[in-house]
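Labels run A, B, C, D and E following the written order; every chain starts at residue 1.
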């Protein structure tokens, strides 16, 4: 459903993403990993239209979306979360999601429909759906969930999840990982997932792509990637064994 | 070295810490672990003076921390690498480091400390003239720790230093913490990555809903089924 | 019409206009220096900045004319008084609004603007007062003269820009001043007494207003409303130069002043201002971060 | 008391005001307040979303001058002239707004770009003095004996009162329509985080444009009304930075986040100015024979202090502040506190 | 009929830029006269009850205050107004409210011209007269004093662009054209402009012999200062009232450079030879002067502004009001209007020296304008004010062109 070719992004003289190429099948979960600063978030920013690529093409269901504006891409079915949560604090939790449900869905949406999709999304991630619940009551974990709920309320066909587990404690991490699987299975959403917590990521994803210095250095099934010496060197380090174990468990 | 007695603190009407008492001895590494929202960051903020305590006492090497003006606490040898890095986004990496050395008594040693930090994080040397706001998450974490180290503190408070870092970097951070310890620095660290942090600290406290639940050496805690279940997913 | 235009263009007086622009630029640059520190660097809005300058002018006037103090001493006192005013502005108004939205700071200092005008009127009346000092001018040729006062403004502005730039870029205090607008809360972790730092910066900004007042008093009559003529322009200069960019602000002052004088030379004076403001708007669209901001 | 009943009572009072023996001059003040309230409400439509414009003096001036110029120069009735003026203001708002929003000019920058706009319009009016009269001001020509529906001129103040009342109510209705619309959520979100809003599908530029143009058009209408009522406009009375600031001050005093905030702001600032000027006005107080204090400055001084105190102690304005008190008293939920949460709280 | 009062709303600018530009002095003059009349026991049994109001240098405030005084304070009439920008809208408003208005100061022709106002009267000279007089003065003296044929005289007109400056400049221009002078530049500017260097440059380029200038205060001293610094040279500078009338200030600001500058204004009442005036007036002049000293101790040159307002107010209290009360039985607008239309004061009958006569109903396109008012040309020499023109009133033989001692001398 997604084909990315020759994608590049420069900041000044610095190349953050260099000629990256990959594709996704419907219903797949792709894990995107790589050292800090390797360009993962930058790729997300380009896929979601927040940044304009310097070169390359991004085809969503055959349609070119590279360089389109973020809201248009969102309406076409790409939902994203931000690495650092960006809630709308002046709206309630429900309104946050409803806003996404109203503006982010394709076609004309009534208010009632928007609120319904908001409630569904919130239930799915396990946040309260009562109208009064304020964003201020959410902790770090709650904000991560809200990011997901906002993205889901737009009824995406492709979900870009950027470090959705960062800062979660262990029990919540497991729940969140299961939730992503659920989302894929029940809502038929394709997912690209960026995460540094290998123990969880490797269990959930179907395929892993590894970036380093903006270049793709490896791609494949989780256990293959976990065994790739180059990946071990630049990314996994001594966690490689644990990672491999998790990959096998998944 | 650092002693907390019956600390209460919160935000406005909301109380986040209830009667927390803990000790960190010189040269020790101590972790505070606990679920989201337990009050771990709040504890760190109270120690470094970012928020006031409503009751209790804090002493650093016998001197009262709570009686000192908040901005003098760094001068007592307490450095804090805060949650979410909190760099100055529109300043270069080097200027951020410079800010870590702001207090007059530290300024002479700026060059020396800077070299120490660049040695620790060669990536920072490479990016020293980049605006901190455009660094990647991991780079920002390095910069934040580096900034805290600039004042050559006696005790370093680290709030989730591994959050959002790549596994190799997490390992580096942890081995770095060990190295820092090796240099005689005392460390108080808040972490979600319980398994790894317990490997490098001497002792740990478990904080839940603003109160201390458990305390023990890292070995004890690593063995504790309760901890294993709650924090390590076993 | 066209002949008139070309004649004006190729006359020696066009050169004079360019020079006038340059010299007016010195005045505007001086006026916007302190504002650039307060508004651009520590991101606090003082819409009453020009009124502080006005009070500085009064101080200098009274000490020199009524008090018989030598001009230089009066200027020094003027700088002291405006530094105090800057300090007080922060202490009594902005200090309570640091957490508030910038618009609230703008409005509160707007209240201060009225207060200063009202107070000046109550204390000094509405009359125009003049130092009665003229430094004369330097004859370049039979037709072209340079005003010493404006040359002096120009030189002082240039000097202060260099000093301020070095101060901000190189010193610890300068770095702290730049940092404080970016994350006030964690300044404590750096060992910075934020209250003191704000007060200090406000006093420096106020003192610079006193310096501007000295040069302005040599060219303009003091009256309670003189600030109104300069207020908006100085704000735009700060923004056009790139907020917090001292050198940019300095250059922007000259862009503004050249547009004002050239526009005024070829048409009614107002068209100069129209040109300058339109250029400001357009420059925001082309380079929103400021015309002279470094690309990072 | 039931709120419908309350509204009905207030409406009844307002409608019967001219017949309750209200003198001509108070009625004049009420009319001026109503017209300004409408302009202030227009500003709030966008201002409450963090779009702080200091350019509304320009829209107001366009409203007044275009209408009056068309009437004097072309004999075009205000019935056509006012819509044309509103269209011009809308066009101007689009011209300045589109690039601003496209290039992400927000906060201080937006305020200053719009400030420059109000200066541009003011200076253009002054510079084209042969047509507009420059600083001299401009007077729409009287039509006959000053009573003409076609010319929208009414010598009778009561008639104008009802027109102004209608206009003001329309302003409140528009405010509520925006407040109830989905656009409100979008704009609240945009005011916090444009990227995040765009990422959930909000068309940031379009939403901002809509509300900015609506606000500009309303303000232009207020300018035209002011001109028709006072039969005199000058660049300083309805244009320029002065007016732009006056609008912002009044709104902040009243409260940005409530429908009645701008109106209360108008009532307070206008009455305050009147009272101070009349009561302290023109006397000089001499302490000794040499030192005389000029009391004429006192109103300005008091106004300034009031403003500062308001902003420090009642940052949500009078209406917002009292709404909070009310809520604290009855402790009825956090919900409405949400929409009223001050930008100051950020 | 003791115990009766006439309530008069007195409006000037006590605050804002115009206040220091002369308005507060005018207000002082009016107040002195009102107090004087009251101390004499009022007028025909009526005491005067003034209500002072501040127009804050803003037209909309002036309108507001006018309406308030009439409708709320129920004053019987209005008196005052410094700024023509206020007179223009207020006069129309007051006339439509059918109230009587006596303008002491503002001079723009636009206030009355072609508006056919019924209740608005202005004993004051109007702007076009100022403009005409200065040109007339030049026309008569250019050849004899400067040796330039008036038709070759290079004249520049600059003015603040409010109604006052525009009105005077209009008079300048019309007269200069009439005499066929060489008008090299005519330009308006806003009185609050922070820089006039471009205007000075333009003037230098046009090399005028004579500059006719109309402005308020901050702009005049800015202009003179920048002219000096930029080396603008001319043979004569003629100002027209307002800022140029505040002699003390000009000397304070510009110093002796202001020497030999001309000013067109109604004459300062203290300059006139008391013998040329109707009997009794000299005492009034002196009284006004004494009160002025009391209010503003230490002025070296008494400003013409104070006398102007005092004189014009005096005309109303000593001539119009008594007639209205005695002949028309009241102080209502209609009686006052009838009384004013019958005013017929000969030359020398006012403190300012000129006479007063208003055009009869429908007889002029400037109804309400005093047809007998005339300004004079004054010259400042050594901190003193002399009358240079018309010849009949001369106290000095005009010094023209500027002597070499002046920094502006060509």
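Assume a residue touches a chain if its C-beta (ideal position, glycine included) is under 8 Å from a C-beta of that chain, and two chains touch if they have at least 3 such contacts.
Just so it is clear, the structure is predicted and the values come from calculations on it, not from any experiment.
Asks: Please identify each chain that touches subunit D as well as subunit E.
Replies: Looking at subunit E and subunit D together, the chains touching each of them are C.
Asks: With contacts counted as C-beta pairs, which pair of chains has the highest total?
Replies: Here the largest contact count links C-D.
Asks: Report back the single chain whose CA centre is most distant from the CA centre of subunit A.
Replies: E
Asks: Roughly how far is subunit B from subunit D, going centre to centre by Cα mean, in whole Å?
Replies: 51
Asks: For subunit C and subunit E, let me know how many angstrom lie between their CA-based centres, rounded off.
Replies: So the centre of subunit C lies 37 Å away from the centre of subunit E.
Asks: Rounded to a whole Å, what is the gap between the Cα centroids of subunit A and subunit E?
Replies: Computed value for the inter-centroid distance: 78 Å.
Asks: Could you check subunit A for residues that touch two or more other chains and list them?
Replies: In subunit A, no residue touches two or more other chains.
Asks: Which positions in subunit C touch two or more other chains at once?
Replies: 121, 125-126, 268, 270, 296
Asks: What parts of subunit B, by residue number, touch at least two of the other chains?
Replies: Counting only residues that touch two or more other chains, subunit B contributes 134.
Asks: Strictly by the criterion at the top, what is the full list of touching chain pairs?
Replies: All chain pairs meeting the touch criterion are A-B, A-D, B-C, C-D, C-E, D-E.
Asks: Would you mind writing out the residues of subunit D in touch with subunit C in their complex?
Replies: Checking each residue of subunit D against subunit C gives 50, 52, 96, 99-100, 103-105, 107-109, 111-113, 115-117, 119-120, 123-124, 126-127, 129, 241, 245, 248-249, 252, 292-308, 310-312, 315, 342-344, 346.
Asks: Which residues of subunit C touch subunit B once you look at their complex with the stated criterion?
Replies: Those in contact with subunit B are residues 172, 175-176, 178-179, 182-183, 185-194, 296.
Asks: For a test of understanding, state which residues of subunit C touch subunit E in their complex under the given definition.
Replies: Per the touch definition, subunit C meets subunit E at residues 8, 11, 13, 16-17, 20, 23-24, 121, 125-130, 132, 134, 136-137, 139, 143-145, 147-150, 219-221, 223, 225-226, 228-230, 233, 260-265, 268-270, 272.
Asks: In the complex, go through subunit E and note every residue touching subunit C.
Replies: 14-17, 19-21, 24, 187-190, 192-199, 201-202, 204-205, 217-218, 221-222, 225-226, 228-231, 249, 252-255
Asks: Residues of subunit E touching subunit D in their complex?
Replies: For this pair, the touching residues of subunit E are 14-15, 19, 27, 52-54, 56, 58-61, 63-65, 67-68, 70-72, 84-85, 88-89, 92-93, 96, 110, 160-163, 166, 188, 190-191, 297.
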